[in-house]
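First comes the structure, then the notes that go with it.
We call the chains A, B, C, D and E, going by the order they appear; numbering starts again at 1 in every chain.
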Amino acid sequence: MSSNKIDRRDFLRVLGISGAAATLAGCGNTSIESGAELVESYVQPEDFVVPGVGVYYASTCTQCGSGCGIMGRVREGRILKLEGNPKSAISGGKICGLGQAGVQMHYNPDRLTKPMLREGDGLKVVSWDKAMGVLNARLGSKSTLSGQQIAFLTGEISGHQKVLLANFLESFGSTNHVVYDALSPVVGHGANKAVYGVEQPVLQIDKARLILSFGNDFLGTGPSPVRMAAQYARFRKAPRGTLIQIEPRMTLTGANADRWYAIRPGTEGVLALGLAHSLLQHPEFAHSIPQELAAALKPYDKETVAEITGINADAIPHMASLLWEKSPSLVISGPSAEGHVHGFSNATAIHLLNLILDNRGKTLQGQANHPFPQLSPAFGSYTALAQLNQAMSAGKCEALLIMGCNPAFTAPTFVPFANNMGKVPFKVAFTTQLDETSRQCDLVLPILSPLEDFGTHVAGYQPAGVELMIQQPLMEKLYPETRGIGDILIDLLKQRKPDAYKAFPDYYAYLKTAVVKAKPVFKVKESDDDFWEDALRNGVLRLDLPPAPIDARVAAIKVSAPQATEMGMQYPFYFVPSVKADLRDGRHANLPWLQESPDPMTSVAWDSWVEIHPTTATQMQIREGDILEVQSATGSVRAKAYLFPGIQPDTVSMPVGQGHTGYGRYADGIGANPFKILDPNFDEQTGELAMYSTRVIIKKTGENAKMIKDEGPTTLQQGRKLVVTMAADQAELAKEITRVTQ
Amino acid sequence: MSKAHTLALFNDFEAAGRALQELKVSNLPGFRMDDVLIKSPIEHPELSEMLGSRPVYVQLYTLAGAVLGSTIGFTLIASAQGNFLQQIRGGRPIVPIPPDMVLTYELFILIGVLMTVVGCFIAWKLPGNRSPLYNTRISEDKIGILVKADPLVIPKVNGIFERHQPLEIMGEQGR
Amino acid sequence: MSLSNLIKNWSSLRVKRPYEGQYKDKDYKWAMVIDLDACTGCNACTTACYAENNLPVVGKEAFSKGQAMHWIRIERYWGEGDALPKFPERGAQFLPMLCQQCESAPCEVVCPVGATHHTPDGLNSQVYNRCIGSRYCSANCPYKVRYFNWWQYPERAWPNPLEQQLNPDVTVRSKGVMEKCTFCVQRLVEAKNRARTEGRKVEDGEVTTACAQACPTSAITFGNLADSKSQVAKMWERQQIDLAKDKQEKSDENMRGYRIFEDLRTYPSIVYMERIRDLQA
Amino acid sequence: MIQSTDEKDIEIERRFVPKAKDINDEIAWAQINKDVLRSMERPRLMYWVIFLASLALFGFGVYCEIYQYQNGLGVADLENPQVWGLYIATFIFWIGMSHSGTLLSAILHIMHADWRKPIYRFAEAMTTFSLMTAGLFVLVHLGRVWEFYYVVAYPNERWAWPNFNSPLVWDATAIGTYLTSSIVFLYFGMIPDLAICRDNAKGVRKKFYWLLSLGWQGTDRQWANFRVAYLTVACFLIPLAVSVHSIVATDFAVSQQPGWHITSFPPYFVAGALYSGCAAIITLFIVLRYVFRFEEYMTMPILDKTCRLTFAIAMVWTYLNLVEYASVWYGDDPVAKQTLLFRATGDYAAYWWAMNFLGSVVPFALAFKSLRNNIPVMLVVSLLLNLGMWLERFMIVTPTFAHGFYPWTWTDHWMPSWVQWGIVAGSFGWFSMLFMLFCKIFPTVSMYEVKEMVYHRFVARKARA
Amino acid sequence: MKVHIKNILIWLSLCCFCSAALAEPFVQGGPIGSQTDDGFNALGPVVEQPIEFPHKTHAGNGPGQMNINCMYCHTYARRSNVSGIPRLDKCIGCHKMIESVRDKPRIKKLFEYWEKKKPIPWKKVHDLPDFVRFNHERHIQRFYFREHRPVREVCGYCHGDVGSMNTARRVKALSMGWCVSCHQKEHLENASTTKTSNGPNDCWQCHK
């Protein structure tokens, strides 16, 4: 990085810029002005720092849990833009829109710049000394808290922050690290674990010739969308693979499918078993599963399945025939199949197809064995939050520390988390920006944004080998009165366990030591400093490890008699909350680029909407823009109707992530929050919230408003040759020159 | 030799015409028909004809203006298009003829119109002194005949006027 | 100077473009290929463009009025044919639409002040400070990819400290100015300057646009058409697209390349490759 | 040779004598002066009502424009691709309005139709003022009006020139030429009348008219040069007027947009322009006749003739309108056809049908003599025709934006905001304010030409007798 | 008749003159590097700088002046768009060796900044509008490194004779016409050739 080994932090400090403020004077001012602006001037910069020339630094994206490597373009001490880091296999030099918007989280005008302390009803700005005084008094060496009285609630978290956090809790004798994620992958992980023996098998999308996806939006909101999109691109090159998507509401992946089937929500498992039944007719597969299981599949003939799922009976043998023609195939389940009362068995039924088709080891592999399992992420679950909620409600929780999640916004109505927070005497939020949850806390500490702080990340989904991602500051901290979470924890730990932590002046030292300690794993011969410098320069520490094998635990798959879901007359519609790849559970609703980025399927931006099938809408005399009240047994929300053909006719859908009430200027007052109408239905096996099993009734309010969308009044090409479609058998992909990624 | 002016006002064109006719045939010494001016509220070509041929050159100016307008128009536009900052636009040639013709046409008209009016002003000898003998009734409905002649002849001219019932005869020493 | 220039170069000033082989003797002709079969409609390119080109976020009100400023927009069409199918069984049809950098651009001819013109690199340029905002270019654009600053965005869209993200290489546009995709000209100029200092031409892959760089599926390929060894030139050739033709004569009907509204004789610089769907599935 | 006694001459004269008596040919010339000059003195109450109403409208327009200037064109609810809105539509409307003056003063002058004489002055003033109004719309429409001088071709420190390929530059040149020529023509033709004013005014006004009348004394030399120059300018003005509106038509016709890319646009625009101009003349004829008590000069037979002329032009316009539809309908362009169908059946269908009704059906009222001679009916009809012509311009501009090439950006239901309406209303106020001011300062009826008219008719009548 | 023809001739010649003036509107600038009056001189205002830096002493070539190459301090000019202000440690690098002037008020001020590690808030003297992309690197590379013109001439064409000033002051108009006047001239491609070319005339080369 540099010859004289100047420390990275020193580099940022010594740069000492003046006059680097960005200018807003646009093209209006045409005059030559002398003396109006300052020149960028430096005190003692590194040799490679040249004003007017951008320099790229590697880091890690923390916008979602994928752990993509990024490169930040820095000029005149400001981070301007993020690109993908080609050295990381996860991002492969690419980046999604969500990742791009990381800079807006950093520069967000609503960022918290100073600590805040509760005074009466409101939060008041205080100094760090005072804030740390309060924190030390409650959690420092003199703390009276012990054991499970203290809880740390976070979102998905990995790397050394996770370790440090666990150590901190451990110093109290607590193991109460509660991880909560509103869009929890836990059911899917559980089903994977049960059938394959691993939580997250690696999907070799590019190797498959046919992908049958039950509601898995791997291009939009999957575990590693950038990586999977790159794989998808290769999957579409010669020999071109076929994608069939089965889901109640068309996701981004469904929109790219060769054939998209709308299925009645919750009946994915029935269809999977129907397909299995159909496959078993084929002599090649007839003996691939135990006889008793095959016998249990008998009732799943195509007529029954068709009636339950709403899918044409002829389509089932057709799909089955495609599955045996195009091998290797890949069958995957997704949230919309898993988020039901019987979601677990849905998922296992879907996995059964992979077992029958013998895709193990071909398109479905185990992740490489992890050399540092302690750094792997903890995945959030609803049950964890529910337990914490119960403890809080019972008054067993004395101190609650919150970072990186917003249960006050995402928790369903029957988990009155926000109310129960009142029963916790001491609540601390570590956050970059006030949100609905931190507004309820007693102490809010402004932490550094991910672009200002150090850290390590290990993605839960490791597509190739294992990558330890390094996060480093891309610029000097924007606000002097913000601190890294690591530094705060180290401070507290120094009080709790002085002996173990006094060696580390700060989190940076801790992290460097910890990473350097892992050097033997990577089998390099450099000095410690060089290793660390290399890690920072590359942004990733890669281990090329072979994929692990996966099991086939057929026994885990239980087949019951086919059951139709009952049609509740009171709540006639299925309710499918959809997830916008940009906003996820709403944590990014404060980023203007993402608010302005239209939803790919509807082109709606800055709003919530209710998707309803045109036929249903015609029956109910609903026009676009009619404000509908969507009412479940739990509650109701209002949003504009959007007539959307990519949805099952008995289903309505609303995007989650909007409807904030205390999350800054870009999020507040936009749309409605459908988390609040979810019914208390839970997965039978794991006890997780069944997000896709809510039933609703639609009421017209008689109001109508203009849809905030990009598309015009037509959704058709009107005879223009804009997007032309070619049949796959005509295309000669092999003859084409194409850009193959990686 | 200084000349004197006299102006006679008549009630109608007939009277003025008769007076003119008499002046024309009178053959007074020191008096030329060229020095007679009719001042009338409306144009009366027949009356003017009696004064002999008085050519109008305004068309010459028009021609000059029109030619100038078109040549300048085209050179100016084409050379502005062909300057250093020449850039192709929309795949068209840098000096495209049809648009330049449109603009040339407009400039042809503009300069033609302006030169016509300027020519007329020049023919009116603007800016210059007007004849001092004028009566505001001329702009209403009377017809005046202005004679510039040798001061000695003026009484004779006035005598001719008197024979045709003029409303008024105004005289003044001219230069 | 101008008059003598006019007389000296009369014949060259009368040349119409594009003509066949126009870019063979030139250094650069920037062009693009967008593979619609690879495009998933994920909007990463759009956001990347916002980040690179200082596009203002217009906000809810303005967006609802159709005043959004996305230089590259993802359009989604549903199947067409025998009326609207009950379900869009073949998925949605995504189309990333950006300025086509037409060789014979309808917008260029009509700008009264010449704020938009054709650069020697084959870009359809927009000079913001020359623009007086007559919006004729937008009216004349068949693709409707020109965006007008209806409001004074510098003050509205970047509250402090968001303005620190602004790319210093790109002007922040004030109200009353037309803007559009530039093929990230600031990157191109930088690469060309670097190459010129080093006494060479820009190599293939040395520079790319923000959208192409971000695209997770690499659906967008950007490069120099004048360089016959570049990826883009090879793709154009294989797809049998000739820049200077308004109707392509393809010997191989199965090649997917096409240009949008080619028959309007705009000669766009972007070749789209047809989306493929497996109709057996 | 004061009056012709030749039989043949009388024969010829008689053939052209109109049946109706256009004007009382026994009216004294002094009376003409008196009547017209009176109109420039203390006016009727109605004058003030109209003037103040115009001023108020104009004030509101100015307010809207300032509001728009400060906040950007976003306040006008313009959007991509609906980028022009009412401004350009109204711009064309005003440009069209200006053509009537040329028609009356230049074309009819060359054709020796002397019934135009009492009314051509105000028609010319209308030309000038509507051109000025149209010019304002160009400025209002610009996103950066403070940089409008970039359009002007002049050597500058930027070394940059406007784009001469652009129809907007042709527009600017043509309108500039037309405005200059119209003002010159209006002023030049007014010089003898200004001399009359000079001879009857006192004080500052006298100085003012003295300056403007350029020493006019009505000498035969002045008259001879004046006649030639006036005729020459009139001859220039006719092709100019045609070219101006043709060029405005090329703004649309040279583009490729469906609904605009039509070869017959230039004549269609010119016909529409003459049409709306004539309709406006009828309106102003009636207003002036009432406000300034010009019953003696703006007589019913002249109104009748104007109405007949308007009817003829209306039919020409109707024909060209149908030609436009037919050429699109039978043309081979599905997109243009789709846009035409959208006009007839889409969200703007009501306006389209109204425009066709007002433009092609309502003028049939002008075909009936009884209606032609009914002043209130004619006022209403002329206003309706103008509304129809405004709608025509609206229907040219808006549907093409709303339903053009690119379906993704269609804006089927777009409507302008109050700011746009305010500015459009303000333009009417501005026009009528200027016009009213003109009427107070300059003679609205050409006195010397009316005298000529009266004189010739009188002579002819006497000769016939 | 005669008088009219005379008048018309006067008008014609007037118009010809005007049209010639319009068609050939601009005087040519002088050759690059010359400090002659090229018609684009415009003396800018005096800019108050935090330290009144004596360019004369450093860059002047008179007696007692040090005649330092511009690019010794303005090091970024040859490798970046901006020429940049010298970094503070550059000033200190020399001045900590020069004891003789250590007590001068300006040098004291300099060391004050250095001790506080605070950058000096220099003000821009040649401040182009924000929509203009001027590239120092390309101009220096072309005229200094390839054409081997003297550095004072190359820099001085735009910045004037800085060696005769104390704090720099703008002396050229920096208008677009001025830029273009030079871009349209034929310049030698390098020192050892007679081949010439002119500057780019692509709008996007300079406008961003």
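The rule is short, and it goes like this: a residue touches a chain if its C-beta (ideal position, glycine included) is under 8 Å from a C-beta of that chain, and two chains touch if they have at least 3 such contacts.
Given the structure is predicted, the values throughout are model-derived calculations rather than measurements.
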| item | value |
| --- | --- |
| Longest centre-to-centre distance from subunit E, chain (CA-based) | B |
| Chain nearest the overall C-alpha centroid of the shown protein atoms | C |
| Maximum inter-chain contact count - chain pair | A-C |
| Most distant chain from subunit C by Cα centroid | B |
| Separation of mean Cα positions, subunit C and subunit A [Å, integer] | 32 |
| Centre distance in Å when subunit A and subunit D are each reduced to the mean of their C-alpha atoms | 65 |
| Chain centre separation in whole Å, for subunit E relative to subunit C (CA means) | 35 |
| Whole-Å gap separating subunit D and subunit E, where each centre is the average of the chain's CA atoms | 55 |
| Residue list for subunit D, restricted to those that touch at least two other chains | 144, 159-161, 163, 165, 169, 405-409, 411 |
| Multi-chain contact residues (two or more partners), subunit B | 75-76, 79-81, 83-87, 89-90, 92, 119, 123 |
| Where subunit C touches two or more other chains at once, by residue number | 1-3, 68, 73, 75, 77, 95, 106, 109-111, 114, 117, 119, 128-131, 171-172, 177, 261 |
| Complete list of chain pairs which touch one another | A-C, A-D, A-E, B-C, B-D, B-E, C-D, C-E, D-E |
| Sites on subunit D touched by subunit A in the complex | 144, 334-335, 338, 405-413 |
| Subunit D - residues contacting subunit C, complex | 71-74, 77-84, 141-145, 147-148, 150-151, 160-163, 165-169, 172, 251, 254-257, 401, 404-409, 411 |
| Touch list for subunit A against partner subunit C, complex | 21-28, 30, 75-76, 78-84, 93-98, 100-101, 103-104, 107-109, 219-220, 225-226, 229-230, 232-233, 236, 240, 242, 244-245, 250, 252-262, 322, 478, 581-582, 592-598, 600-601, 603, 605-607, 614-615, 645-646, 665, 670, 706-708, 710-711, 715-717, 719-733, 735-741 |
| Residue ranges of subunit E touching subunit D (in the complex, touch as defined) | 21-22, 25-26, 173, 175-178, 180-181 |
| Subunit B residues within the subunit C interface of the complex | 75, 78-84, 86-95 |
